[in-house]
């Protein structure tokens, strides 16, 4: 016999599929669209889709910028798909730099957990510089799409976490956009006012051709 | 051996799939959803997905309205899918008219490139008419969903381009919605106050039945 | 021979696929995404996709809460997919109660069609109670995500309809979230301050384990 | 002395102003913006801002269309401001008609509470008619911006409630947009293909000039 | 004399006011609306509007829950207004608990910086529990509006930061919504199934009346 | 005496204020918010608020880039406020260049009306270059926030119009963001890998200090 309590329990369950949009864990085997990835079937979703441990591991800063960005965007962390949020870890060795870049798809809040970081962004049109040295516990917001950078301004390693207002904020590093592909040198010179030798030098460093 | 520069280059590339949402070129072979068409795989996207040449060709104005609308919506121009924008070309021969219509899915800005166009829209509820004769270089905005029209008010051909705030703004021409389908004449009379002979006349012109 | 009128008719029809986003009737056989279900092919859509008769039937209130909620969300009513709206029917027998719950995905407006209903919601942070007894014809709005309830405060059956600002507003009944699953009793005690016997009693009523 | 419990209570209250955006009851004395009206100060908000009784009163159907629409949009019902939802009451006397119209700002779901209503809408571009006779308890959705109508198709009075996906959906009745203002007759003829006598007749009925 | 370079510089500057919407630092002296607070005049904005140091200070956990939540929402951190993001600091002493709560206005990602936290959320309708013990560096996402909690499951103090997909996510603690206001005891009993003595006990602890 | 027709006319007019959100013409004397400028009172709105003639006038290209951008954003063209769209005129003398830039707030479609323009954009993360020479009538889309440029690649003047998916798309020219303000030279060198003499040279050209 089914008790009244159980009855109502199942009654509400009968609409449970509508709940699929509580969340939409990314299914990378189905098509994606303008709003994000397709959703995994709820029955296949587990708590591990909502948890990510990859930010607990320091990124390798043995590189030219002495820095590493470890993303937990929808691609790495499928639970945030469709939820308007994602994170990334930022490791900056002494002297480390995250060069000028933008996130075309979202705003960022940087949280300094260790060390000292000098960060700044530039407004559009007026080109105003907003510059600040951030200490442990400080947070700073970088509005969507604006050029910004982070520099380790202390003598030792710094650690920070960046939060984004999108599960897929994107990352366009200006130097890589200009010098790490096959954009012709002359065209870069014309569209940046940079001198050709400067362009060739940076293409050499960053692996660009043309 | 991989140089440090190359290392960081690949490091950032490792998150490159997240960048798929820089854009979402329409893939017409996959399902579409409320936010638009599914996205083509980035590896298959070329610059030609972002370029459309169809608006360079004059539409055929040898028709009853002496006008032609050539759309560059997401269906014709897959690169705008998901990006909140699209265009259309408007050719108006002398005496040409784009009859009263709405775009249910977006606002429009009309740019007159050649000739003189009298355009207007009507606000909802208050039914206020906003009417203006536009010359070359003038632009006029028609807010989303409101009835509006364009008439060639000069003696020669006019050319204009319409921009929309949606990749799929839609186009509902009032006359076609009423008279170019199988909506019963009596029902049209009841819901428009138009006389039956008038309705039958326009059904004849526009190919309606019923 | 094709007349000019017919010509323009077909001219505009040539862009008819763009109109698919007039609506996006849910296709439950294709993937869903953060913005909702995939769209049925327009050619397969009929008027019955836009009409739902299930709210004409009283829900079964022979249960513990003497109430029934019959949803017309996107899952039951595929025509509302992507359109930012849905409805539900609420039957309250004498003494009936819709216990404290939230709709994580949308705001609600309740319309009382028969009987008398005492309804209330609580604001976040300030915990202010907004409480009102509603009569036939009254409407009340419950902002998105806030705890609210409805109680039949008259002596006879009440009937109401709820409208939502989302096709998939969700429904989280606090008691079911706490006591109708396998959440360990000790953890519930810790996170609600409720006494263990109280928790065990409600788990018994609502079918929870652990 | 303040007990620990009270302490935490005030601690959370210290962030209570952030909760202002739980809701945004319209303040008609402050500027409005693209997202809606400004918000009343939370301290001045009462439960009556969230309750509206105006839909309990039948509209006056002693008019040319034997119908009345009573809105509970943000202007009449300030509690829905910013919440993506509103309602309206629709009274249709025997023979009553809500003529062809659109809601530029939102989708509609119609709920028939009494009587029989024949309702329909027309898709854009393809001009497909979706037509249905609705009985008590039936609901039908009209996608945003599309032309639609409702006709009392029974022999007695009908009552329905319309829900909208916007607090300010707007209402543009095609006949009023064309014939109830000062739009010149010749321009109407040009942009609708209607005959001049027909236009003059309807201008006479609906109070238009020009 | 103005050089050509300077000329173009001013040329672009002439449109600089349009750039005000790069960001919209909250002005608490002007009205707020559904999209957030009004914007400070750009000329008065300084870098300190984009930086917040309040999360660097441990919250006071000498309270009944041995926990403290320090928000950096738009009210405390005006630079995030309109940008779809905010943060909060979470201090949990040994035995500390953030009781069951929701954020009606946004999704959350929790980042554990120190200690061990057991966290969980419950889906709507299906009432599925997603439960996980999080270690330093782990992140977990809690979808918008769903009930969730955090418990210090280690033997020592824990520290975490929560990121939200809204500058005003709100915070509704279930116990406070039910027991820390003047909601009548009988009504709580009816709408929660809790026993009256249990309700009175918690009202006593949390400062409720009625 | 008021005829029935007039009666219904006034009946609908009684809800006319709700129609204010058909459009929201910018009022620069009231506060702006995250969604745009406040709205002018409808009674003060005229058709001239919806029309802009400034794009009919060629911009002055006697400057360092031999190019001029004339915006019709919400600040110049108040009628587009809140409508998700705006335009700009682009004049390129022979040899003219619009240097690398982004629009943080919107996507762009460029329409070539006269001459030949070589345009390109770079994707984020993968740094793929999408490059095309556009002729009269061609359109090209630049997704939101991505670096792009336009170069006159013909021997004579070129004219183009850019449409944007936002009334306030913003314009951040990389060179101006880096070299036309007081950002310290050393910091630029650190965050761009550019050589100090190159930076100083461009600061000189563009009016930067520091």
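As written, the chain order gives the labels A, B, C, D, E and F, with residue 1 at the start of each chain.
Everything that follows uses one rule, which is that contacts are C-beta pairs under 8 Å (C-beta built on N, C-alpha and C of every residue); 3 or more make two chains touch, one makes a residue touch a chain.
All figures in this text were calculated on a predicted structure; none of them were measured in a lab.
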Intersection of contact partners for subunit B and subunit C: A, D
Copies subunit A and subunit F touch via same or different residues, half shared test: same
Comparison of A-B and C-E (more C-beta pairs in contact): C-E
Geometric centre distance via CA averages, subunit D-subunit B, whole Å: 26
Chain centre separation (subunit A, subunit D; CA means) in Å: 41
Subunit A and subunit E: spacing of chain centres that average the CA atoms, whole Å: 21
Distance from the mean Cα position of subunit F to that of subunit D, given in whole angstrom: 34
Touching two or more other chains - residue numbers and ranges from subunit D: 12, 15, 18-19, 22, 31-36, 83, 104-105, 123-125, 131, 143-144, 146, 170-171, 176, 180, 205
Those chain pairs that satisfy the touch definition: A-B, A-C, A-E, A-F, B-C, B-D, B-F, C-D, C-E, D-E, D-F, E-F
Partner subunit D, residues of subunit E touching it in the complex: 31-36, 59-60, 62-65, 68-69, 71, 73-76, 104-105, 168, 170-171, 173, 176, 180, 205-207
Residue ranges of subunit E touching subunit A (in the complex, touch as defined): 12-13, 15-16, 18-19, 22-23, 42, 46-48, 50-53, 55-57, 72, 77, 79-80, 83-87, 106-109, 111, 113, 121, 123-126, 130-132, 134-144, 146, 161, 163-166
Residue ranges of subunit C in contact with subunit E within the complex: 97, 99-100, 102-105, 118, 120, 122-125, 127-129, 131, 143-147, 149, 151, 170-172, 174-178, 180-183, 187, 190-195, 198, 201-202, 205
In the complex with subunit E, residue positions of subunit D that touch it: 4-9, 11-12, 15, 17-22, 24, 27, 30-39, 81-83
